[in-house]
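Look for chain A in each of the two complexes below; its partner is chain B in the first and chain C in the second.
After this line comes the complex of A and B, so read on.
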């Protein structure tokens, strides 16, 4: 009886399984296959014939010695390391502020979450304009300081990444704010009052009651932003195109360049797969840690 | 330990007045229950004592010291919330130690006081247990212990038994009263359950619609209600209240209750009070304090419903717009539709002025 049920279940879900196989397993296998060859669209053969250019693990060995790849990874890590904590702290501060009433709260709320709604490419273009050497940001700084400032934000290799990070923080702090506001609203009012009556000050209440109760939601917010930030591309690409030189070349920009300019698809597939595997392991590890606490 | 004075206390929420000029003095070590139906202002009063709400007018004094501007964390008030507000992400021990740690007491003092409190409340074996998922009676003890360990001079309890089922409530009532005797603190207890107030409190403050109706010991409130609200609210069932006009009879001044007949003659102090009032009066008596009399004497009312609850029988009586209840130890085979002849015991009769609802207490 039970076996029959399992068989029936298998048959009923078969179409869905085939679909999943097609949309997720097949591309992965295709990628794995190509990553083990020197195949390129310039080769003039179909990808199915890629076995003719079989090179076993040569691509994977190459990526270990690829300095441009490692510095792109390092740059991506730097963006994550700066943007995510700043977005988190700004979001948490704003969310805490929004737990109390103040005049104009609704309007402020709408304005605050707006950046999130802007298409990243449009945001990129906005910041491209803002950071021009004759642009509004230099104008404002000039007025504040009192003498003309003409910093070439986007063409100075030392400043371009900073400009990109500012754009990312502008666009994604609202998401942090929204998630953390929901988390804060979920902390029971009575517990905070009870802690107050027991003599705990605002900081103590925050550290001992609010933060522990928000642990899960903070974990989720950080995970979403780390993963998204790792993939940073559209805003950045419009602002700097990964330049000047390779000054803002993150991992996505690097993959984009070697895929569309160098057309070495076997190598691109190897990089993408390697990153996928490393990220998956990191994700599983982080999730397990979160589940344990 | 501490006395509490509420002076001319008023609380308004926008256009709504939750509490109208309340004056109440609570003595040191006294257990006072604030009793009333929901929305009567009892929780508002409690929250103002705790400092969670600011009074619109009036003053709150602890031991003669004005509490205005003293934040809730510095009032030395222990508060047990209706839902206990246990910190469920902490263990029982961490909950008990929370206040002491928050106020940065030395570690050995924290440990000593927490373990003493755990002993007292029989929580010693639970100290390392996570507090999420504990049963209500343990949660209640943790909530009380968490406040009591701070040795507050005043203890406020906001309907702590309202989430508990009826059978358990009896157990917890006894437990709470025993704890109060141990702590010897001034306690203010908010409840809508008169049984809780009656069994635990030294004095009860009955409230309705933001107005303090009467303050007194449980028996004073039960026996001598100050007004019709208290008479109706206290007791289960509440006091019988019948409209009547004074009438002279051969045996003295009595009340004519219309179709229900005449009441037995009134006592001398009541006659005196009645002659002063010269108005329509309400005749009140407890359903339990009634004697059955032969036909022709006392009052007569048809039985509309017989409610048998084991040891006692509650007879619902009704005629026209008048209704009453009589509680008998023994139902004597009475049936719906029969006419009940009864008379309230002379000492149990209370009179109220019909217009104002205020009791006419013998001068």
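After this line comes the complex of A and C, so read on.
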């Protein structure tokens, strides 16, 4: 009976295993091989012949001195550093408003999570329109300030990144809200009531009872957003294409550009592998830390 | 008492602001979709918030009926990109759900494939851009480039982690008594899975499938890399819409954007109670 189960279990997991191997092992080996060469799709030879352009570690040395790569990484870190905390605080603030019942709660909830359901590329297009110099955002600002404003948000190198971050915050604050609200709902109500009876104010209750119980959930929410934010591409690429110049070029946009415009795939493979290695180390480190606590 | 009242007032003020912020970008696009060309952009005069002369021309235009001489008729209509989006996202969902559901059951009941949970989370960790060049080479070799099935295969793998984790938590939650009773009656384990478990899990399966479909439907980057002309999906097609006469085809793009936005928003409402579970890899249930 036991063997019967193991056999069926193996068969059932086989398709997923094959797909995972298919997308990880083969491409990884291919990346490793190409990253040690100068191969490009324009080389005129198949990638299997890439050894003819062997350059050992030249690509890896190049990436150490690649200023555009480092500034793209720095920009990505800046986007993460601004967007994730803002989304977290806004999401947490909104979630606390939903802790008790009030008329219209369900409708408000459904509307507030709408932005994250919008296709990211479409959201990018929405904000592309909103941030036009003759667009609604300037119109609203003009009305608020009292004199006409015609800022060209997306073609100003200093403002374009801000516009991109606004779009990201608009789209993903609902995700934080959704996760944190689910976390808040899991805090036992009798404990809060007991604390109230003992004379704890709302702020004290929140800090001493609610927050400690939400540690794991907050960790999950932040981790998800940091990972997704690191990959940021769709909205940003539709809004600015990484421009003006390289003003909004994040790591995904940079790799996209050198892969599709410069077509130096040996170098692309080197960057990709370097990122995969760093992320894997970070991932193992984070999991070890989580296991310890 | 007055403090409680002040709190209620403050809460509604914040909520109204938040709802306005959430809705304005969506409503602006919706409004743009029904505007005739002269209202697309503010030309000296004030901005048009609500279309003064609402029209369906933008929708007709992307489907090939052009009633305006200011813009050239499209050589390719939105019909095929919409079809491509449906086919690729649909088959991708079938692949992810088939592999994900069976693997989740194998792990949940028989402990097989214990490497999968971590491997699949890792799959999710890496930026797709970093692993796409080898896939592009392989797809060119297999003649999968610019086909909806080639795109669907990548979608199926990319969303497999979500299908697997969602179904795993559903199987873990399911009471095992019924399955055990059937086993005692002499059913084989495979038959129990096929005839008893799966039919019982119809609702969770549907939710997980809708969730995965939304994710596939939302893709832009992968389609941008793997399709070039014949099977471009809605977002790729949309980004290519422009006219030499008027520049950005604001209204036409907005109409298309509205069409692209409708399925996820509608399906999202249907699976609202499973959203958190799906998005946190089952770590959190609502």
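Descriptive notes on the structure:
Simple rule for what comes next: the second predicted complex is superposed on the first by the 273 of 293 C-alpha atoms of A that agree within 3 Å, B and C clash if a C-alpha of one lies under 4 Å from a C-alpha of the other, contacts with A are read in each partner's own complex, and residues count from 1 in each chain.
As a working rule, contacts are C-beta pairs under 8 Å (C-beta built on N, C-alpha and C of every residue); 3 or more make two chains touch, one makes a residue touch a chain.
Predicted, not measured: the structure shown is a model, and the values here were computed from it.
Partners chain B and chain C, once the complexes are superposed on chain A, both fit on it without clashing.
In the superposition on chain A, A:27 contacts chain C only, with no contact to chain B. By the touch criterion defined above, A:8 lies against chain C but remains apart from chain B after alignment on the C-alpha atoms of chain A.
Put simply, if you stand at the Cα centre of chain A and look at the Cα centres of chain B and chain C, the angle between them is 80 degrees to the nearest 10. By the document's definition of touching, of the two partners only chain C reaches A:47; chain B does not.
In the superposition on chain A, A:212 makes contact with chain B only, while chain C stays out of contact range.
Looking at the shared chain after the overlay, A:153 reaches neither chain B nor chain C.
In the superposed model, A:131 makes contact with neither chain B nor chain C. Within the superposed three-chain arrangement, the count of touched residues of chain A is higher for C, of the candidates chain B and chain C.
When the shared chain is aligned, chain C comes close enough to touch A:276, but chain B does not.
When both complexes are overlaid on chain A, the residue A:196 reaches chain B alone and has no touch with chain C. Distance between chain B and chain C in the overlay is 8 Å (nearest C-alpha pair, rounded to whole angstrom).
In the superposition on chain A, no chain A position is in contact with chain B in one complex as well as with chain C in the other.
Residue ranges of chain A in contact with chain B, taken from their complex: 188, 190-191, 193-201, 204, 208-209, 212-213.
Those residues of chain A that touch chain C in the complex are listed here as 4-6, 8-13, 15-17, 19-20, 22-24, 26-28, 30-31, 34, 41, 47, 93-94, 97, 102, 108, 110-115, 117-123, 125-127, 129-130, 132, 134-136, 139, 170, 174-175, 178-179, 182-183, 185, 216-217, 220-221, 224, 227, 230-231, 233-234, 237-238, 251-252, 255-256, 259-260, 265, 268-269, 271-272, 275-276, 279-280, 283. On the chain C side of its complex with chain A, the touching residues are 8, 11, 14-15, 18-19, 21-26, 28-29, 32, 41-43, 46-47, 49, 95, 98-100, 102-103, 105-107, 109-113, 116, 119-120, 122-135, 137-138, 156-157, 160, 164, 188-190, 193, 214, 217-218, 220-221, 225, 234-235, 238-239, 250, 253-254, 257, 260-261, 264-265, 268-269, 272, 275-276, 279-280, 283-286. Per the touch definition, chain B reaches chain A in the complex via residues 50, 52, 71-74, 77-79, 81, 83, 85, 87, 89-90, 98-99, 102-103, 146-147, 150.
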